[in-house]
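Two complexes, one shared chain (subunit A), two partners (subunit B, subunit C).
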Partner chain A sequence: MCIYEDQIGKFDWRQTYVGRIKFAQFDTVSTAKKLIVATEENVLAALHLKTGQVVWRHVFESASTGNIQLLHVSDKIVTVSGSNPYLVRGWDSGTGVLLWEWSLTLQDNDNADFSEWWVQQGLLVHMLPAFNSHIEVTMYNLLTGHNRGATSKLPAPWINEGCVLTPPFYSCISGNVGAQRLLSVDVTSNAVQIISKPLFDYISLDIFEGNLRPLDANSAVPGFIIDDKKIVLIKNNDFELLSVNVADESASASIIDGSNGALLLQAWTDKILGFSLIAHNVNSGQEVSELKCSDRNLRIPEAEIAAVMCTRTAKEHHACRILVNGADDAIHLMQQGGRVLWTREEALANVVAAEFVDLPVSETEATIESEFDQKEGSIWAAFSRRLQTQFQQLQTLLHSFQHRDRMVENSNSNNLVRDYFNLHKILVLVTDVGKIIGMDNLSGEILWRRYEPSLDAESVGVFTRRTAWHPPYDAYLTIVGKHEETGNGLIISLNPINGELVGERFLQLDARLLQCAMLHRADEEKLHGLAVLYEDENIQVFPVSSERLVKDMYIYVADRETAKVQGYALKYDGKSAYAQKIWSVALGGAGAAGHRIVAAAARSRLERTHSPGRALADRSVLYKYTNPNLVLFLTEGPDPVHKEVVRAVAVDVASGAVAAATSHRRARALPLAVHADNCLAYLYRSDKHRRLEIATMELYEGKERWLPAGAAFSSFASERAPAVQRQAYILPAAATAAAPTVTERSLTDRHRQAYNLPAGTTAAAPTITERSLTDRHVLLALTTGAIVEIPWAFLDPRRPAMPTAEQREEGLLPYVPELPLPADAVLNYNRTVHRVSALYTHPAGIESTSLVLATGLGECARIVRECTRTPLASSSPVPCSPPASVSVCAQCASIHVPRRHRVHQPRTRHRPR
Partner chain B sequence: MSLTKTNKKFKWALDFSQKSRTSASDLPSPPGYSQATNANYSESSKDTDSNLLLIKKLWDVALGPLKQVPMNLFIMYMAGNSISIFPIMMVGMLIVRPIKALFATQSTFKMVEGTQAAGQKFVYFIGNVVNILLALYKCQSMGLLPTHSSDWLAFEEPLTRVEHIGGGISML
Partner chain C sequence: MTEEDTGSGRYVIEGRVYPPEDQDLTNWQVETRIHVNGGEYIGFVKEDGSFTIHNIPTGSYVVEVVNPDYMYEPVRVEINSKGKYRARRVNYIQTSQVIQVPYPLRMKALSKFRYFQIREQWRLTDFLFNPMVIMMILPLLLIMVLPKMMNDPETKEDLKQITNLAKMSEMPEMSEVITNLFSGGSTAKPSTSKSKQIKKRQ
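On to the complex of A and B.
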């Protein structure tokens, strides 16, 4: 899939994120003012001061070796990263080019985590406190790493864990209760001078809790806050208590150099009053009114000042830029008076779940549909209705002529309607911090956001319980997670179009959840019920009226650490719904301990397969084993002979039967498994060959089908054992089935193959199309930042080593272990997406097109992908029928899309040949 | 004498000079003329003769399709089983011609009445059917007939399911 140059950005966008800000500093030296940030995601980046866009960015290692310990911005940027050994690097602030680098290894590895770093007069100071004993201070030349003299040890038996560093002072509260003293020492001075004052000089000891925190945002004057109440500065080797008290317990305070001496800046968010910012003159204690702001509508949870820069204007006014970091990982750049210049939603660097939601149809289309919905009535009624609607349409037309100007303005905000090919959707993204974001998938614009601090998004389920296809009712989306503190279940139901809470709204459950599932039958309001399975194996259905719709429903619960999978049947006995445990499987084997589930891949809920088999060269059909209840589990664990083994087990989770299994010796699994239709693929790292391999499986019923055409598939009905090929991969795990219906059943005819990958992979997903007629591709996000699509024809497990004439006619490629990764298979061309955590795919309303969302630690991208079928390598039946004509139409249409878009393009560009 | 001499001398010469001497009744019949056949000749016998001819002719027409069979077999053999423009055209001809002929049976046998008409029509019909069958066999061997299950695969309804599942990795 290649695109033309003028199609860049037409079907895709990319947003660049850096993660939660750890350190931030304004770059005031270089001509183009920038904001230099270092983040929890180990990213060093420069943000444009006016727009907030990333000017340059470096993504370090995601492991602890990439942790950024220090960011110092002067004329050059200095970072200390890693954790023993540390890397000290200098960067050019304008371009982000690495200028120098040296490494540093500490002898004392155990306490290295307590290290503190700062830069002082061209020297890098490293301080290592040994609690209740001494402080070790070492200074290094910043550029070369030369140690200036030996490590100096300052005897300090008074230091403890509660001490804070406000460079160059190290301050503690020490002593017996009632006689505590406030101690501070300048660790860099040659002569050891300890400032020691009794604590009751500053605060009443009766209510003292022993809390000490430093001022935020590279405070101009070293200082700290005692017990969230009093601010103490260190000036001239003495403590100075500020006359200004801390405005709010949660307030973040910082001292900046203002025009008339130092200014104290405090920012906090009140539940009722919203965000507040006040400034005081440190010397006089007077409030500086021009910086003050209080905004009820601005919600920045646990606001914290990350960086401040103030310049003097001609009229002795303050022109400040304040960077405020919130607990929801959003950063806001404000100017004096509280006007927000830009906001970055850094929570999007950590998306844990995403869902594509269909948009409602436009009003005119809705009226047309409602007109044809009404089936009853005589011919005269239908005629009058027809006249009526045509009159209405005429009215709206005239109305639109009258208010054309206003319509144009409104169209920007009101264009959330489904388009003809259903490409326009809303993305609901659940992030790690508990922020839920609704995003337009065509532009990437954030439509709404909700911050739920109590949502623990570690294992979260997102269910679209009602789409917008049922006009009188709004779309309905439910997020099931855990409560941050109690671990109990938490249900958040909202309208995905506008982000407003609906239905259950914000519901805290009383017990912990095992799992949850959406019922397949909708009630009268087209709402699918939500069944939650509690820890004590009871179920509850939301809404309660949906309980009677519980039928033929099964829930499986896989325990990651013990590799045990349990299956429950949900039943309704006329009064209430209950869960019955019907099977359990130990995937690691009966005796083997230490096996854990790495990944579980079920088929997408959206997948509808329209091809029951695969046409062979002799024109017979190899029927697929399309079991919609099949789940692929990937486990890994120790093995007495082969060190480590990876097992892939496909389990029918309704009946508990094992459909297929393989194992790989001396291998470690990656948490990447792909399951679509009858195709299974997973990745593992082979220790034996020291490479990454992707193993694929396909399940077939054989040339005779088990069920008559059109019959509904039932996991319990297919007990008839067909005479199909058996391969010698028998899972040693005892499938202990509690249900009497489960008998030994034959393994399906399956093919497996392993391929090598020439790059590291971080995420994998299959493409999904409307009818699954288009060739399937597997999308892999590589460590290089590319998202490549591999046609399933390359991954086909039936690829023979020496193809016969028939197989060649069928289009099977001869087996080559190395997978090609050509540059034109890269979906995101040169827009690299670093550290992709997951790929989400969704069918568009047009066959052969699939929507792809890649969420990464650094970035977030979405691509509308158009793939065409190649007749030779088609896995679906050779077309000569209505579905085929649909696919042909779709191809024309998919070509039509860019053309349509091009019409709207204001300027025409030369199309390269 | 001289005459006999000349008679003898010219074996094939006719002597017209003796005409006057002999009576008219004594005149010999012209060569190839037989008095006996002339007497028995009648109109009715002439009529049955042409009918026989027509029947013969119509049998030729009726048997025509059957006579084409060996030729068609040869063409089919030569055309091969590959799918390209000429074999397709030939197969098209093979199948279209007998069908056309079948539709034109009525006009072909328009002027025919009589005892053998039904038989002729039947033979004609059989011959064309044989040709069609041959053409179909050719189509079959070329793989043009949707006789395999794979040809009807795309018409199948998508799979429906009885059980529905939910769940995943434990949320505990």
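On to the complex of A and C.
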């Protein structure tokens, strides 16, 4: 994979995200107006005011050391980040260059989390409340960090957890029930002045719940909302109750400096009325009509004003820019009157699951398909059908000539059809916040979005239960997750092409789920049933009619924390489907406590094995152990001798047999494991050598086949020890590198090798192609932001240290411990993607092409083409099915074959908990 | 400043990034980040290229400069419990080998990343050294140059001598020998008389 410089952007796109907005302020000082945001993802960024594009961006550490505590924008940007020690940094707002930084360590580490920060008159103010006792206030020089005087302690026995800060005032409701007082203090003034008023001056105490919240979006005047009803401002060291009431309980309010005095701005979303925004003059209480807006169609869940900027125009009109943040992480920039200038889907910074979905064929292609589908009938019937279709084609052609102009307009909306090489797909992305987004994979354009606030997407499963290959049926995709509040199962079924709910629609289950899997046999409507396993080991199949299709199905449940894996057989007894526990394996070993599963890697459902073995130099064949039910588990745990041990165990999840196991001492595992065909690879950090290593394994049956050629693999066919004994395999014996029982019984040949990686890695994936003829590559996302492709030939565990003549003939490279990461293997060239959370690969309809999606703080999709290497040049695979020349034609033909051949084997899905 | 202890056993790593000089770069400071141990700690670059990474406990760290366009060599920085710094080259294979580099760090750009293949361009030399072209041009040269050489009187003389020599040698031509053989002696006579005639002319 190499591209030319003029191919930039032809096969790839990148979108940059910053994450959910935590703080936002308009930069009004510099000439190019920008919006400065700091996010929950620890990103500081400047957004272009007109387009919403990222002008510059700084990604901080993902751990708590990068948490942004304060964003202050004046002529410079000031951020406070970290959590004791804190870092105070100043940035140039125009360019984003760092101007100064200094570190600050608080002595009192226990209460440091309650710290409040703000900037006042060129000083950084740090306030630390000690509840029911006092307030500590320290001021620092913003540029140097020099402390202006010692920490001052304000005695304040009345403060509690419900207090709010509206710089520089700290306000509380304190006192006994019925006699509460509203207290407020300016913590920065030299003379301590406590404003104290009885609470019943402001609100009826009978219905008071004790809720206090500050005004949003850097309110121009300090103020707060009592009990979501009344707004109280602090002016001239006194409280001032506003005559305007809070419009809605959920309304977000902010005070801005308008042309005729201060304006109160309120925004909320009503379930029926949609988004509303109103403005009042603070002094007169009159409504400002030009800012008002109410939009039924605009759905911003839990709308919150993040930042407001108003400028005065000549005619005393208000020109406002209002940034509204929603609970679905989307931010909208509006102008007065409610027109949305741009929207950013920041939910995409946190994608938890992604699925590539095939598009349906175009109408003309569908008619061709249907023409050839009807096999029966005489030759005359076929001839008349042919004439008929050709007449239709002619008609559409003439039609297109007549309405050419209209066609161009429609083409944008109607082009969601499969292209010739099946490169065009829909990406269904499930985000952490519960937003499901459908995206065009060629352009990155968002096609549909759906916000499900009750979906806890922490461990979500996405299943394509019916592809668009079966007209007239639509594609069918199911998302299985947890309910946000109850933790019970939640099933969302939708049409991935347009995002509309279908089938089970939105279904809440009554119990918690252990596992879910898709049935490998489809029903008459080509729909694959969905089997869910409840915590009480009962099983339910959706739809119920598919229950009878449950056969030869095995699922497993892996407990992440205890490293225990259990296998179930799903059976159907004529009345209902039930699950039977058939095996159980403790991957950590019986004695070793504290082992946990770091990663589990199963073979991709879409992958197929092209060749059953590889040819050796002496013309014999080394047959691969291609078990479709094999799952690689990577565990990590403490060890009495070697501190920490990483274990990699390959388990046949249908029978529970252990196929291979290795361990690495003094190492910490990374949650990165790759499994494709008979190749296994995983990463770990060697503490001993202080480096990152990738270990690879290949499984072979030996020089003789276990099964006759063409026979489907069965996990139960080969003579093996019963499941009960198998637990013993992975005990300390399996932890050593050579476990003789394992080797002679199940596998005759295993190869292992470890390679060094000269860089940090955050995600890994194997490439998948349509027919797996192409050389396999492993994709690694590095911490530098690059996504690197490593050919499997470099990772081949059979690379010898000193190759013999035979091995050289076979094409094995001599072993070199350090892997080369050349720059031309970087898929995303200089468009770096930071903090990549996952890489998703999917085959395209053309061999030697794979679709790659990297998700992180910036989505990056890529079509990887292995054009520089012809797939047939690799000498190692032994062609078993079509000979090389035929397979080239088969690639083209596969576009027109409506059904893809799937390997009919018991298939298991995993979802570690 | 280098040995500064910010309390609670935390240290700072300092250094400076030198951008490639030949290029006129705008805003390279924003694109450049300093990763310690692959992003465990992140530092940012000031206007002049200097960077400071705060709050690092004692230990061994790999400091790398991350820039999308330019490659920098990573450095391993070790901070011992007394707060002594040692910066050395990163060697993942021979971890015990120590090649010291100066501290505070001086990170210089090694080269530009070559992400792209260079498209083959049409060049005149490529065309000229093409064997097909050479095969065409060499005979052309012979045709063009040889007549020119003919004009030169000395070479003319030389050529004459050569032709004379060829004729003097009186080598019977193969075709003649064969025709003589097959057609008998009748035709042999005229051919010899012809050669005599030529001799007379000379």
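Convention: the second predicted complex is superposed on the first by the 832 of 913 C-alpha atoms of A that agree within 3 Å, B and C clash if a C-alpha of one lies under 4 Å from a C-alpha of the other, contacts with A are read in each partner's own complex, and residues count from 1 in each chain.
Methods note: a residue touches a chain if its C-beta (ideal position, glycine included) is under 8 Å from a C-beta of that chain, and two chains touch if they have at least 3 such contacts.
Please read all numbers here as calculations on a predicted model, not as lab measurements.
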Notebook entry, point to check: When the two structures are overlaid on chain A, which partner does A:467 contact: first (subunit B), second (subunit C), both, or neither?
Noted result: neither
Next item on the list: State whether A:98 touches subunit B only (first), subunit C only (second), both chains, or neither.
Entry: second
Next item on the list: Could you look at A:454 and tell me whether it touches subunit B, subunit C, both or neither (first, second, both, neither)?
Entry: neither
Notebook entry, point to check: Is A:513 contacted by the first partner subunit B, the second partner subunit C, both or neither?
Noted result: first
Notebook entry, point to check: Of the partners subunit B and subunit C, which touch A:538 in the superposed model: first, second, both, neither?
Noted result: neither
Notebook entry, point to check: Of the partners subunit B and subunit C, which touch A:620 in the superposed model: first, second, both, neither?
Noted result: first
Check: After lining up the shared chain so the two structures overlap, which partner does A:3 touch, if you call subunit B first and subunit C second: first, second, both or neither?
Finding: second
Next item on the list: Would you sort A:785 into first (subunit B), second (subunit C), both or neither based on which partner it touches?
Entry: second
Next item on the list: Between subunit B and subunit C, point out the one touching more subunit A residues.
Entry: B
Item checked: Shared subunit A surface residues [contacts with subunit B and with subunit C] -> none
Item checked: Residues of subunit C defined as touching subunit A within the complex -> 6-8, 10, 12, 27, 29-30, 33, 35, 37-42, 44-47, 52, 54-55, 60, 64, 66, 68-69, 71, 90, 92-93, 95, 113-119
Check: Which residues of subunit A touch subunit B in their complex?
Finding: 459, 461, 480, 482, 487, 489, 512-520, 531, 533, 535, 552-560, 568, 597, 600, 602, 608-613, 615-616, 619-621, 626, 628-629, 631, 653-654, 709-710, 712-717, 771, 877-884
Item checked: Complex interface listing, subunit B residues touching subunit A -> 143, 146, 148-151, 153-172
Notebook entry, point to check: Which of the residues in subunit A end up touching subunit C in this complex?
Noted result: 2-7, 56, 58-63, 65-66, 82, 85, 87, 89, 95-103, 105, 689-692, 756, 758-760, 783-785, 817-818, 823-824, 826, 829-832, 835
